[in-house]
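What follows is a pair of complexes built around chain A, which joins chain B in one and chain C in the other.
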Partner chain A sequence: MTRPAAVLFVIAVLGAAAAAADIPLAERKSGYEFMARETRAMQDDDSANPATLWVLDAETLWQRKEGSAGKSCADCHGDARTNMRGVAARYPAFNEARGRPIDLEQRVNICRTEQQRATPLAFESKELLALTAYVGQQSRGMPIDIANDAHIRPFLEAGRVMFTERQGQLNLSCAQCHDDNWGQKLAGAAIPQGHPTGYPLYRLEWQTLGSLQRRLRNCLFGMRAVSYPYGASELVDLELYLMWRARGMPVETPAVRP
Partner chain B sequence: MTGSKQSPPKFSAERHGSRIAAIALAAAIASWTDRARTEEQLPPYTVVGDAIPQSLTGAKGNVERGRSIVVNRQVGLCLLCHSGPFPEEKFQGTLAPDLKGTGARWSEGQLRLRLVDASQLNPNTIMPPYYRIDGLTRVAPAFQAKPVLSAEQIEDVVAYLATLREE
Partner chain C sequence: MARALINAPAKAKRGEVIEIKTLISHIMETGFRPDSTGKPVPRDIITEFICKYNGEEIFRAELFPAIAANPFLTFFTVADETGTLNFEWIGDNGFTATESVNITVE
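Then we have the complex of A and B:
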């Protein structure tokens, strides 16, 4: 490379670094704000929100004795409406025994295997979606509050890299769509800012409730990037980064999306 | 990050960036990208200024096939980001310039380079490199070591875009 070319190149790269920026905290918007009026109305009214069916199931599951320990969630935690308040707003959270953050689905399954002595629930199973939606609902309206301490930081950083690095055959990054081009249309669909405020949520396209990891796998698939199995540490790190990026935003679980 | 030669350290779709500077840059770094290409398995091509003047296949593409690639959401993917003169296509993107008139604005050689690897003109572009397999990270197994479009498909799309002369 000739000298002037090298200088030009450096300027171009620095320019790139300056252009890529996080969304200012005050300008963040939930996916809700990008939805049509009818879809918002579904989320606003629990009796119109299909996710309510899962939540009602979970009220029963919460009381049901499971596993060889013969204990229910309620036996340890009592009334979810008081004792689960604010929990989902703090997840993924650092787990001492595992030495890394775990998400709410993993937390539920640790209770299943270690406290109830039952088999873990499959990711995206009706029961696991119901329980996480129910626990999540107890944090509705509360601000997302992810710890950013020495334990969490390396995982948060790994999630940030995953979000900002180009990947896949299409050579796109999450940030290019969700930080730089939100509000634009991707083949007719509004690109939201990618905040994880409503999961698990009812997606009209899925015609069912789905987890945040399901959404992340959809975006990775669209990018033609390597995907990860449910529960993979890469996906949990990404969930952690997204929750931190949405810190202070209110939990909407269980939300509705197109 | 695993050995990506052409990806800048931070990424953004800097769509309002200076195109003139980008073209000057592209011309200046043509030799640099030539070197990068020696490791690829795709047949080589030559960049002259901001264009690839020669057909990748040596033949002219097919306009009809080119149009169907452009509107196909699993093959060309163009309408994810672009809009264009396709009245029958309801859902089009707003992330990129409208494709109408591209044939009047650009020569076939210029269109070819923009499809093959738009990042040679604008390192921050979000336009995927349609004919590049190196410098990519975590490509899904089904797509590894394959360009998004084949040389024949690139030529079909170039031939079609060249017909879009009406602004």
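Then we have the complex of A and C:
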């Protein structure tokens, strides 16, 4: 092979690798499976999982009357342990009034502004993380179940494009790490497949609970790409695509990650 | 008051070695980090943890800025009598938190 031909061959191989297909459904792994034994033990035992502190706070918040309507979450939804079961496994979900999918954080804030007539909670605030972790925990062990209907499909497609298109100064796509190179190392840390099965989760690096949008913004920052603001439709579309990509996998909320 | 979580067996056999797990919510601000304006954020950590079993001290720990937020401490003791385990956390800015659990020894 002449040298130019060899170069072309290498480019062709790299090109093929970059265009690798989705991970087959049966080969998907939760981030849990990439963790050390000690970190798994933290997630497995609620009394060792720091996210439990937020969940306990939310049990109180759920009952607290808020806003000018003077209503609590429980006034409409009753006992979260029975009535919120399976809810988080279906989010992001299509919202008729907004004509687009919304995530669980937005759902909580819509309830706050429209039902409780209270001010919306800030993204990554203790209260919003607590409530989403509490609602999420009620779906623990249930399979992620994202509707893939005519309403959702354009947004799912937008999320897929966001996941597979190269972006940022490093010219990377999400898929290059999480579809093509999962299981490898990036600066000593395992690259997971990127299934959002346990959000909001306690990340040891953050030393706090954090949402999926915080994680996505971190990734975008690392790629030196545009980091969309919290609540941006681009981030919700990406959340939607990632949840659909993890369809059928059990919810782990609130998980622990390194 | 900070929220604390204790995991200790409610019942134990006399002479049994039992594990006690404690978790408390606390930011454990090191005092070494600058805020967005460049000024150091003042230190705010838990400095001491004490566990007493029927009034007798069985475990004590000193905590320092390198310890992560929401400190999780586990230790072992021998269950020798029915009674109460008292937990106390002391920290900067007058921080104190207490918790107690009962244990029945058969």
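Methods note: the second predicted complex is superposed on the first by the 240 of 258 C-alpha atoms of A that agree within 3 Å, B and C clash if a C-alpha of one lies under 4 Å from a C-alpha of the other, contacts with A are read in each partner's own complex, and residues count from 1 in each chain.
Heads up, the rule we're going with is that a residue touches a chain if its C-beta (ideal position, glycine included) is under 8 Å from a C-beta of that chain, and two chains touch if they have at least 3 such contacts.
Because the structure is predicted, anything quoted here is derived from the model rather than measured.
After overlaying the two complexes on the shared chain, residue contacts for A:A150 are found with neither chain B nor chain C. Looking at the shared chain after the overlay, A:Q207 reaches chain C, while chain B stays out of its contact range.
Applying the stated contact rule after C-alpha superposition, one finds that A:A26 touches neither chain B nor chain C.
In the superposition on chain A, contact is made by A:D57 with chain C only, not with chain B. After overlaying the two complexes on the shared chain, residue contacts for A:G188 are found with chain B alone; chain C is out of touch. In the superposed pair of complexes, A:A175 makes contact with chain B only, with no contact to chain C. Between chain B and chain C, it is B that contacts the larger number of residues in chain A. Using the contact criterion defined above for the overlaid structures, shared-chain residue A:S227 touches chain B, although it does not reach chain C.
Once both structures are placed on chain A, no chain A residue is touched by chain B and, in the other complex, by chain C.
Those residues of chain A whose C-beta lies close enough to touch chain C in the complex are 42, 45, 47-48, 50, 52-53, 56-57, 204, 207-208. On the chain C side of its complex with chain A, the touching residues are 3, 5-7, 21, 23, 25, 28, 68-70, 72.
Within the complex formed with chain A, the chain B residues making contact are 1, 4, 7-14, 17, 21-22, 24-25, 28-29, 31-32, 73, 77, 79-81, 90-95, 119, 123-124, 126, 128-129, 136-143, 146, 148. Residues of chain A that touch chain B in their complex: 1-2, 4-5, 8-9, 11-13, 15-17, 19-21, 164-173, 175-176, 179-181, 184-189, 191, 220-221, 224-227.
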